[in-house]
Amino acid sequence: MKPETGVDRLNTLLESYLKIRRDSEKICEGLSAEDCQLQAMPDVSPPKWHLAHTSWFFERFLLRTGPDPTPPIPPLYDHLFNSYYETAGSFPPRAQRGLLSRPGLDEVIAWRHDVDRRILELSSDEKQGELHNSQILEIGLHHEQQHQELLLTDIKYNFFMQPFQPALGTTRNRKTDAHAPALRWERLPEGVHTIGHVKETFAFDNERPAHRIYINPVALASRPATNGEYLDFIRAGGYRQVELWLSEGWNWVRAHHLQQPLYWHYDDHHGWRQFTLHGWESLAMHEPVCHLSYFEADAFARWCGARLPTEQEWEVFARRRPLTGHFFDFSDLHPAPAHDDASQVYGDVWEWTSSSYAPYPGYQPLAGSLGEYNGKFMVNQYVLRGGSCATPWQHIRPSYRNFFPATARWQFTGVRLAKDLL
Amino acid sequence: MKPETGVDRLNTLLESYLKIRRDSEKICEGLSAEDCQLQAMPDVSPPKWHLAHTSWFFERFLLRTGPDPTPPIPPLYDHLFNSYYETAGSFPPRAQRGLLSRPGLDEVIAWRHDVDRRILELSSDEKQGELHNSQILEIGLHHEQQHQELLLTDIKYNFFMQPFQPALGTTRNRKTDAHAPALRWERLPEGVHTIGHVKETFAFDNERPAHRIYINPVALASRPATNGEYLDFIRAGGYRQVELWLSEGWNWVRAHHLQQPLYWHYDDHHGWRQFTLHGWESLAMHEPVCHLSYFEADAFARWCGARLPTEQEWEVFARRRPLTGHFFDFSDLHPAPAHDDASQVYGDVWEWTSSSYAPYPGYQPLAGSLGEYNGKFMVNQYVLRGGSCATPWQHIRPSYRNFFPATARWQFTGVRLAKDLL
Amino acid sequence: MKPETGVDRLNTLLESYLKIRRDSEKICEGLSAEDCQLQAMPDVSPPKWHLAHTSWFFERFLLRTGPDPTPPIPPLYDHLFNSYYETAGSFPPRAQRGLLSRPGLDEVIAWRHDVDRRILELSSDEKQGELHNSQILEIGLHHEQQHQELLLTDIKYNFFMQPFQPALGTTRNRKTDAHAPALRWERLPEGVHTIGHVKETFAFDNERPAHRIYINPVALASRPATNGEYLDFIRAGGYRQVELWLSEGWNWVRAHHLQQPLYWHYDDHHGWRQFTLHGWESLAMHEPVCHLSYFEADAFARWCGARLPTEQEWEVFARRRPLTGHFFDFSDLHPAPAHDDASQVYGDVWEWTSSSYAPYPGYQPLAGSLGEYNGKFMVNQYVLRGGSCATPWQHIRPSYRNFFPATARWQFTGVRLAKDLL
Amino acid sequence: MKPETGVDRLNTLLESYLKIRRDSEKICEGLSAEDCQLQAMPDVSPPKWHLAHTSWFFERFLLRTGPDPTPPIPPLYDHLFNSYYETAGSFPPRAQRGLLSRPGLDEVIAWRHDVDRRILELSSDEKQGELHNSQILEIGLHHEQQHQELLLTDIKYNFFMQPFQPALGTTRNRKTDAHAPALRWERLPEGVHTIGHVKETFAFDNERPAHRIYINPVALASRPATNGEYLDFIRAGGYRQVELWLSEGWNWVRAHHLQQPLYWHYDDHHGWRQFTLHGWESLAMHEPVCHLSYFEADAFARWCGARLPTEQEWEVFARRRPLTGHFFDFSDLHPAPAHDDASQVYGDVWEWTSSSYAPYPGYQPLAGSLGEYNGKFMVNQYVLRGGSCATPWQHIRPSYRNFFPATARWQFTGVRLAKDLL
């Protein structure tokens, strides 16, 4: 639904603002201040840092460009909570975010609330409808939703590395003996299609402009691959067959002695289990496989006699399906089992595509520092599509492009197969 | 010209064989046995290794599959001169190729000649026309031509790192004060085009199958960018402006303190010079800039208000031009100045495209170990097109795809700009 | 004073126990739980870990060998809070101590108190005088005193690396314009001397056995070198004169771009300052220089036309002086100014000796796991003597041997010069 | 024998000069130019570099300080063949010595001969007896003898890493079934002794001044430990028992998966063999064990219930024995079997001592750049004594101090046990 303009639009945004800001804090409710400081590898950030950085984003790009251009910000926050915006000032090395014992969690939460108060004040001044600010406000909300997903995946990784391996959620009752529906191949219509965001509603700059592409004969799988299917690959020696792997992937797998997805573990007593946000659970064969690197997804697809789809193929496939699925909002923070009545194209697991993250023809980054949001990462990363069980539902679109390096495994990343029909 | 079949075709191939094998040795004529052992970084190989590996290729994939399946090969050669074919046996770590003091250069040359003799014998047996072998023979020739280019670029790098910085060729007389013709923008026809190798003549598996793509509104530059234009970028502070760079490129440039292309040097006495296969020469402003990484090519394009072309755009552009240019065969081992009467689309410098190296829809790697030739490298590499002054002329095609990581600079790599017309 | 035997001795020890255990907690009183989790480099440990590890030491080596051999210990603690005792079980990599968000600081403190309670119970049972346990108890107290010093130096380093650079103590009023007394050279009696611990009182195994050594003609400085003297070395270009440095030290200094001691900083506005446990202070020229690496101490001595003393020379020098000085107990956590009426041989700053840490002739490590306490570190480390302003007074002896690698700078490490009289 | 003064002394030196210079070249006679360029790890140097560096030493420190202060030296040689003399100019990084394809081996040999000619000319001018030069000449000869040993050990390592593992010498006939004589413990006289070089004959600065030390009650083994004894250590699980190892050694052994000395190899077909300068040979149990790191020597000694001797103990032990043994001059480039009639204290294998390399009391380095010869390495290295089968006989003295880091294994390094008698 296209948002209204002017006052209505701003009111809608402010409602979202209050909910989204609250949601971020809710995610961390079960964590101690010490948990919120954990950074178990440079790729993940401490929860406290996420809570602070998302506030900085509003403070830096919205409050500071408002009528009061120098709102109070505690000393050093402008440096500490900048993530990577080179043109917006300095920032600490990513790997040192875990050293921020100060400000304490309490101070960060208090600052969040202060920013919230000032955003509301500003917005009430603006109710006559300053369009510029509402656009930044909207970006800030989508930005915070991205960090909600990162909060969940980073907490999962931190807790996995924590000696006690605690759970964020409570223990679940699950059916683990059900079967996934048979995989069907669904042919795409060959020819010229349009991809990219066409509406006037919100989308990131990397989804624009909409443009034409050509789809060659191809079919995509009716559902993501399952744990059971991936286990077949493991049992068939997939991690030991060099001919299945990209050269760089093979070297990486051997160097790290990898033999299964991240969070999987086998022992004779328990059999196969996986670490989830609910703690260790037995592996359900009919759930979508996740926490795969690009290299693993690619090798698995080759073993299946298939390949990964391109992001263009994925989007053409996805546009023909309803935007529903198993998201953060409704979810128990884990992918739902494969089921027959939908393709699980949105939600559950991000799906690796074979497309390197690149600008669309005619791509224009946002003006100013926000131009660094997406464009500067368009190299040596691969596009993922569809959102996951940790993505807020309202955050996702058919044109939405996520991206990670080929070795990243700590996101909820899975695989949907594709097959050439040439 | 499409090769003949049967006996004629084999005769033509054998003529090429003799010439190409001789050419590889000619390149190394001015080098001592010690020069031929140099490996100044893991990416480059010692010339002696190139001479041996190209023989191994014929020995392993042709002689060994011939009527005498176990031809004599000196002990260990099968291990030592395998480059990266995991399914064809073991091989030493790439960085240790410089430790091959034995076999000596003389022995390697003698082995080359022995392989040549046996290839001719085998072929004379085959004159009735065993098609299989002539295909492998043809691949072997294209393979050796690739290594001729690597011989030149690796010698250049080794000699640059050698304390005496010797020259492979002799000193040249060059005009350095001429001007490059003005750059013109040439619009591509929007719409569906076919790219990839369509003929039955030789092409690598990665150029197939031909397939349709859609070209959005775009124009490409009439010629590669020049040293003069790149120097303007340097003088305007291009290496210090973070907003011009991909994030990974910026970190790389800073970590290595880069301020100019590989082989460039400035001092007050000589001004700007570059190291060439003829030794140090003053920088000619109207020559195509080369020895750029992808990151530099991309930053330069952004500074120009342009971008790199995709490989699809490049191929549509190139297919409309004659396959002529400044190649290894006619060349003085350095890019020729930009000139008005041609677009220099082939030869001179490889042109970076913004396309990550990926399989075409319907891609089928070769069967057996030769399937490792291309497919397993299709990740985190960028496609270059058109060949260079170090590429044999007969080796290049409009559909030819070269590929290197974004940081590679020791090839003759330059840039042709593209501009969106959206 | 030689401790009494039996019950008296145990009572004395228990008094010390209560005080020492309390002191460790007092050091951390001003820290938040988040501060207590900081680990800014692998060499330092989070304060919370120190508090837990010192409890583990009593639990593992005393309670577990007591009448109730399996006292309750929370799960994983035995693994998490083992520092490096390979024969006592497993332990996490040192660099991962900062990941211990759980147990929380509160739990660690509660566990401390539980251990304390059980130690007192055990001791009351033992008042008939089980000698074995009281020896372990005594070692545990000296062990905890060592960790008190590490708590202070690690907090100092963590706070220095913390973006806000907070202070542990309050701001001080200091005289910074006083002068150090002139340095005098004090000759040692040439000939055979005995070093090492001779009494029956407590000493670590590495101080034993007492044995004879020969002192050649040498004089030692009457006091440690001062900040003012070290600043002269800096101003004379000491960090740029290769001939003053050990080869390994020179490479290290250049690789890290070192130009002054750790915690020193110069800017035009403030002049020279140093970071202390009281925050940034202006540099007082008459205070002993500290936070020097062995390499810096050695280069400075060479610049002075002197050298570092051996540990044998140091001990012969020290044995002739009263065991008084500026220690943790009386101190404001920073070395006191040089003064005329004493040699500052004990306390203030640890003094680097030129002696590599090695076993004394006849050295016998303790039996069992405690044999790992000292012996296994006797390689590539240098001996420091005398204690510092962060060392508890009762912890030090003339024979006391501290040791660190030549690059360590985060301890209170200074230098006393020696001069050959040959 | 004490050398004569004046003309006689110079004549004696020149005779040695001619022999020593010739010996260096003889060592390399069986090597190709390509072999002479090998550098299989940064610690070893290519043979060609040794041949050139030893010439540079005479050129730089003798010819250049002679009557003709600017003798001709080919361009860059002064930079290329400086090893580590910071005050004598620049030098390439050690790890890049293998890149010196130019000058070729022929040019290096020709330059050697040119330096020889000029040394002889200079000396004939000097026959009136310029003392200064003859001292430098003498140092240069001892320096070249050190490089002869390095030539042998570096060739051994390079050839071991070479895929063909060639031999420098020819195959030998050896008795491998003999027994070593039983090990006896020989008590040193307790009390004050003098160590260090006392005569006026040549010695390096690090052997001076002679000074007094105190020997506590100790006994040393009558012979070095044998392969058979070390194999017992291996079979008893020595490499897997953490309590035998220094902490740093344990981490190093595990990180490199070490399970035997360098050059040892076991397979079911051949049993235990070792790589020697004569190629692979079966392991003779009665030969001294060698190619041990300090860490292995130390762990082995601990397993034996013994320890390494200090260098003071070693020297007191050695001074009472004749300076004979199995040296480079008489040797087949491998340690000779243990035998009953001598202690093998000189020659065969360098013996690790527990002494960190440090200056003697009153140590004065040589003046000028030669002061860098020894002094700057006096940290984190351990002293070895006695020379090896690769050391020229005339090069060794009771006071001679060799030194290597605790991980070095490519020298002929073995172990003589010591035992405290306290």
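We just call them A, B, C and D in the order they show up, numbering each chain from 1.
One rule holds for everything that comes next: contacts are C-beta pairs under 8 Å (C-beta built on N, C-alpha and C of every residue); 3 or more make two chains touch, one makes a residue touch a chain.
Everything numeric here is computed off the predicted structure, so don't read it as measured data.
Fewest steps needed to get from chain A to chain D, stepping only to touching chains, is 2. Taking the mean of C-alpha positions as each chain's centre, the chain lying farthest from the centre of chain C is B. As a whole-number value, the distance joining the C-alpha centres of chain C and chain D reads 38 Å. Separating the centre of chain A from that of chain C, both taken as means of CA atoms, is a distance of 48 Å.
Centre to centre, using the average C-alpha position, chain B and chain C are separated by 60 Å.
None of the residues of chain D touches two or more other chains.
Under the contact rule defined at the top, the touching pairs of chains are A-B, A-C, B-D, C-D. Note for the complex: chain D touches chain B at residues 32-35, 37-38, 40, 76, 79-80, 92, 98-102, 104-105, 158, 161-164, 166. Considering their complex, residues 84, 86-87, 192, 209, 211-214, 216-218, 242-243, 245-250, 294-295, 298, 307, 310, 354-356, 358-359, 361-363, 371-372, 376-380, 406, 420, 422 of chain B touch chain A.
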